[in-house]
Amino acid sequence: MIDFNHVTKVFNDDIKAVDDISFHVPEGNIVVFLGPSGCGKTTTLRMVNRLESISEGTISVNGNSVNELNPIELRRNIGYVIQHNGLFPNMTIEQNVMAVPDLLGWDRKKKKDRFNYLMDLVGLNPDQFRKRYPHELSGGQQQRIGIIRAMAADPPVMLMDEPFGALDPIIRSHIQNEFLQIQEEVQKTILFVSHDIDEAIKMGDKVAIFREGQLMQYDAPDEILAHPTNDFVRKFVGKDRALKSLSLHHIQDLVNEQHLNQADETNKQQKTVPIHTNLKDALSILLNQEAEQLVVQSGDNQIGALTIQDIENYLHEKIM
Amino acid sequence: MIDFNHVTKVFNDDIKAVDDISFHVPEGNIVVFLGPSGCGKTTTLRMVNRLESISEGTISVNGNSVNELNPIELRRNIGYVIQHNGLFPNMTIEQNVMAVPDLLGWDRKKKKDRFNYLMDLVGLNPDQFRKRYPHELSGGQQQRIGIIRAMAADPPVMLMDEPFGALDPIIRSHIQNEFLQIQEEVQKTILFVSHDIDEAIKMGDKVAIFREGQLMQYDAPDEILAHPTNDFVRKFVGKDRALKSLSLHHIQDLVNEQHLNQADETNKQQKTVPIHTNLKDALSILLNQEAEQLVVQSGDNQIGALTIQDIENYLHEKIM
Amino acid sequence: ACGGGGSEESSGNEGSGDGEKKLVIGAKNFTEQFVLSKILSIYLKENGYEVEEKNNMASQVVRTALENQQVDLYWEYTGTSLVTYNDQDPIADADQAYEAVKEIDKKNGIVWLNPADVNNTYTLMMRQDDSDELGIKTISDLAEYMNENPDELLIGTNAEFATRPDGIKGVQKTYGFEVPSSNLKKMDSGLFYQALRDGQVDVATGFMTDSRIKAFDLVTLEDDKNFFPAYHAAITVHEDSLAKYPELEELLKPLAENLDSETMMDLNYRVDIDEESETDVARSWLVENGLIEE
Amino acid sequence: MNRKKLLATLLKALLSILTVLFFVWSYRSGYYQLIFDDPEGFWFLFQQHLKMVLLSSSLAIALSVPLGILVTRPKFKKVQWLIMNTANLGQTIPSLAILALAMTWMGIGFKPAVFALFLYSLLPILRNTVAGIDSIKPELLDAARGMGYKPYQILFKIELPNAAFSIFAGIRTAVVLNIGTAALAYLVGGGGLGDWIFTGIMMRDNIYLLSGAVPVTLLALFADLTLRIIEGFVISKGVRQSVEAD
Amino acid sequence: MQELWDYMINNQTLIWTYTLEHMQLVGLSVVIAIAIGVPLGIYLTTNDYLAETVLQMANVIMTIPSIALFGIMIPILSLIDQGIGFVPAVIALILYSQLPIIRNTYVAIKNVDPHIKDAAKGMGMNTIQKLRKVEIPNALPVIMAGVRQAVIMNIGIGAIAAFIGAGGLGVLINQGIARTNSTIVMAGAIAISIMAIVVDMLLGLFQKKMTPKGLEEDLKS
């Protein structure tokens, strides 16, 4: 879907913000750009919709080099979400969300339907918010509006620059989940900037790790956690990368691979958990001394008991 | 050192911001006030240096009720750091840091020495920054200046209201560590407001958890993680409290309590770690598949091998 | 002329098919001029002209406005034009002065209509008691006194009189004395009557027909060397405007015919001292003289 | 980038040329002759002008800065609303009218002129003093109080230095306005360079006009510049801003 | 007081005529000033070098005393026979209006949150659309504040234009001075002040009406 081909960006003839980067983004994927401040994430993102010019190399979307497309057209076909949401304070929520359809000259009925659909998608009542202004919304609500505004004209590609950066941890995690659910439904191709490793692991189908303009590693999150290609990546993902990778796997995955013992009915230190619980949570519960073994429930059936030993085995055999 | 005795604060005759709070802060401790927004952390803090009056009860510092002390005197003997640092834009860095010594009429030489000492403490070059103004510093640098300004006259007590709130996670963690090192050296009695549980666990000798003006629990961090007194605290500290609490313990602690097996010399999947490694890191390394057992090193001696099982046992027997 | 400021607009009514007759009337910045221009404007309005008034201008300013047709007509004084605008020697005789200035201004494209018997000459004034005490009755007396006590008397005047050739400079030259610049108190025209009365100056410029000379009991010093020319009031019109409305000459004749110095002083008195509005004063005078209907 | 710079440079050059041309033209036309012909007269008026401005400005500063400080004290918050609204209302009265009213009340001469200038300068200084102090972030005051500053120390070490930029801007505005308004003092017999300007206007005499108007303008520009330079010394580098909109 | 009232009643038409003249003078000059200043201010946001020069220049103009500016313009405009009256007055007022209008426009557009501008550009608005839909609406309150400031200032300076024959309420004040008649001075001063206050209020209402609802919060602060 999106191809970066030896892309380089030089500012003011001497600052190499992006340095010979090549990678392919498959359709329908979320790719997270991760790296320390100033490593070139935003610049890379903004070259896609030509908010920055490309110094060398090419970026193509659907096989067409962006340099050969009209930038206005291009931008209208790419959703763009920036940190701090960038809502227009002078426009109502509806006008904000319908900004691009407006530019495209959609008719009133079509816009209204689309607005209602999008608001439903993020669980906000369309009629209640239609005529309100951004400052009348909470931070989390504003963020949601920022996202559906970028989705308004149903662009196949979306660019999101630290869209959840300004939110506090609890709301942030909530919106992340919500967004993943929406993505299930809409299947956009998304470039997503973050500087938070946990967010990257959670949101990304793939993660691109940058350092001083260079692409250090481009892989699926569990690959990155399991096999960091160099010391920089290893450090960046942190000492507890194994724990992190556990959150990417569910009891289901483990059950698919290895056999669980029967639950020991006599053990009182046990607890029942559903099969789609992720392994990090499962481990936490076990460590919390809430249980020595977890009884795994699938539908109405108990399919066995999970211990720390099982998780450790799975981690070593299958993940790392 | 500081005693809160049935302290209550009522605003405008009807808003009970602080509700009958009593606890004791030992000398040299950092006590973190933790809780959701609006729960009364700031108000509690500000009653100590009488920026807010006390509606009922007493607060005493070193056995003297603050209400009986001259407020100006009192404040000059208590360091105060507020969120967004509150540096005076019209003063140079040196003037800012030396504001209280100035009020106290220190002589020039003494002030200069103190300034140099404090700047060294936070790793900033005194001569380079002396004549600069706050707006010429980065956020992290400003925050450091805010902290040493509060320490300038070497007050035995410091009040810090979300001192690191405005910083990004990486710089934040860096300054936290730096501050803990400084505290090793200076051993102040510190009241520290935060709304981040991880920060509280990391910084606090004790943590006070507030809810709507009431004190829910006042304990050492591992106590709070291991034994939350009620559902509110349990929820507030999070699902992975066991993992969090592991970071508060070191292999040394475990060795003190239980016997380690001899290292199995034939096992190639092993790694040597120093005895002061914390247990969360140790667990991570074990889970990372970097080793099946960790050889624990104390000075030049190998004192045994650590496995996940050992950590689990220790957690269940001793922590939780 | 006000709206667009263009000279074409001010005098230009050509092509206005509705036959509307438009005139711009100018006026200087003292009471008499306000009254005279009001008389003119009310009278013209009654006679079917559309009138625009532009007032509060200094002599030189309104004259220039007339020359470049930002103004069509206004009341001027013979001596002023003769001496100030045309650099001629003063002429004391009223008729001679009128004929002379009429002739000269013809070359400037300006037509003098018939003169009124209103001689608003400059004068120098003092308080009655000072005049008695210092024995100053004529300008020569003043010159003598000033030469003996150069720094004593403060002289109040306006910017015009202080600079015009027929003003303080000419007086000094003719009578042979010198006023130090620190003793010359300049102020807005008209302020000096009160300033003199209140003792803030000792000698002041005056306009002979100004009612305040009488009202404030001020003494006018005799121009014993006949320095000041005749300043008889007459309407001056730009020749193009007159060409457009040739009837003006006849139409306006009765205005000047019915005015004299005595009347003028009286009208000024009603405005300055009785604080009647100049419109009322002008209108009532026109009615009294049967020039307009009540 | 460079084209933009070029455009700006060109404009600057054009303006400089026009200014020079104006001066050359007016000088060659002998329009400043009066200053050379009558230097004492010029000096006399210039001194009068300066005296009026200095006296009225210092009085205005001496009254309005303390008043501004007073009404920003918490105790007077309520009065502040009243004073600021009165001040804003007062600002709508044109300078000419204030001068005229002062004259009808105090007679002609130097005194009413100074009084009118003084009144007219009060408002900008008062307004900027209040705005400057009010715009100080509350957390700064909180920090100062928390460090044990006494109220007067907060005023002199925190509030005034941080409001200084705004206060000075008010003083600059007032002084510059003052120099211009003082040119109207001629009307009420107050003297000053307005004398020549009005003579020039009334007599349509460019010599009087420019011999009066140009020095007054230069005086205003010079005062503005001088105050900016003083500002540079008095105001802490830490609080100076570049562009301000109000 | 009674006298003042009587005077104002007796001279209604006169006062009204002068008021209209005054409004014409100020109105025309402000309209022209806006037509020049707002586009210029907007353009300047794209060229910082030029902005500095132009703002400095406008600043210098502001320091020129009004009677001196009228004075300086007389010999220059006399070259085209327009030395006195309406034309020089309008030109002077236009010049004086430039600083508040250009400066406020420039600063307001500059200060529109860069994130918002970025968002507008990123969603495919062209320069004109961005200006019309985002930048101008969000800058409007500040621009209007500049216009208001210019209008109020010009009403005051307009009074001085009476001395170069531009008419207006300044004539009344001047006559009051000349006749040492405080009633007339007061009548003139009050008429001008009322005019300034009313115009200020109307512009305030207009400003409020023109301010997008979403910005009302900012306006209060």
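A, B, C, D and E label the chains in the order they appear, each numbered from 1.
Assume contacts are C-beta pairs under 8 Å (C-beta built on N, C-alpha and C of every residue); 3 or more make two chains touch, one makes a residue touch a chain.
Worth saying up front: this structure is predicted, and the values here are computed from it rather than measured.
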item: Interchain contact steps from chain C to chain D (minimum; 1 if touching); value: 1
item: Most remote chain, CA-based centroid, reference being chain E; value: B
item: Remotest chain, chain A as reference, centres from CA atoms; value: C
item: Cα superposition angle of chain A on its copy chain B, in degrees to the nearest 5; value: 175
item: Chain A and chain D, separation of their C-alpha mean positions in angstrom; value: 58
item: Averaged-CA centre spacing for the pair chain C and chain A, given as whole angstrom; value: 88
item: Computed distance of Cα centres, chain B from chain A, in Å; value: 33
item: Mean-CA-position distance for chain E and chain D (Å); value: 19
item: Where chain D touches two or more other chains at once, by residue number; value: 187-188, 198, 201, 204
item: Touching two or more other chains - residue numbers and ranges from chain A; value: none
item: Chain C residues counted as touching two or more neighbouring chains; value: 61, 64, 188, 191, 194
item: Touching chain combinations (by label order); value: A-B, A-E, B-D, C-D, C-E, D-E
item: Residue ranges of chain D touching chain E (in the complex, touch as defined); value: 4-5, 7-9, 11-12, 15, 26, 31, 89, 91-98, 100-101, 103-105, 176, 179-181, 183-184, 187-188, 194, 197-198, 200-201, 204, 206, 209-210, 212-214, 216-217, 220-221, 224, 243-246
item: Sites on chain B touched by chain A in the complex; value: 168-170, 196, 239-243, 246, 280-281, 283-289, 292, 308, 312, 315-316, 320
item: Chain A residues within the chain E interface of the complex; value: 46, 49, 51, 72-77, 80, 82-92, 99-100, 103, 133-135, 149-150, 159
item: List of chain D residues in touch with chain C within their complex; value: 38, 40-41, 44, 107-109, 186-189, 191, 195, 198-199, 201-205, 208
item: Touching residues on chain E, where the partner in the complex is chain A; value: 113, 115-116, 118-126, 129, 133-134, 137-138, 212-215, 217-218
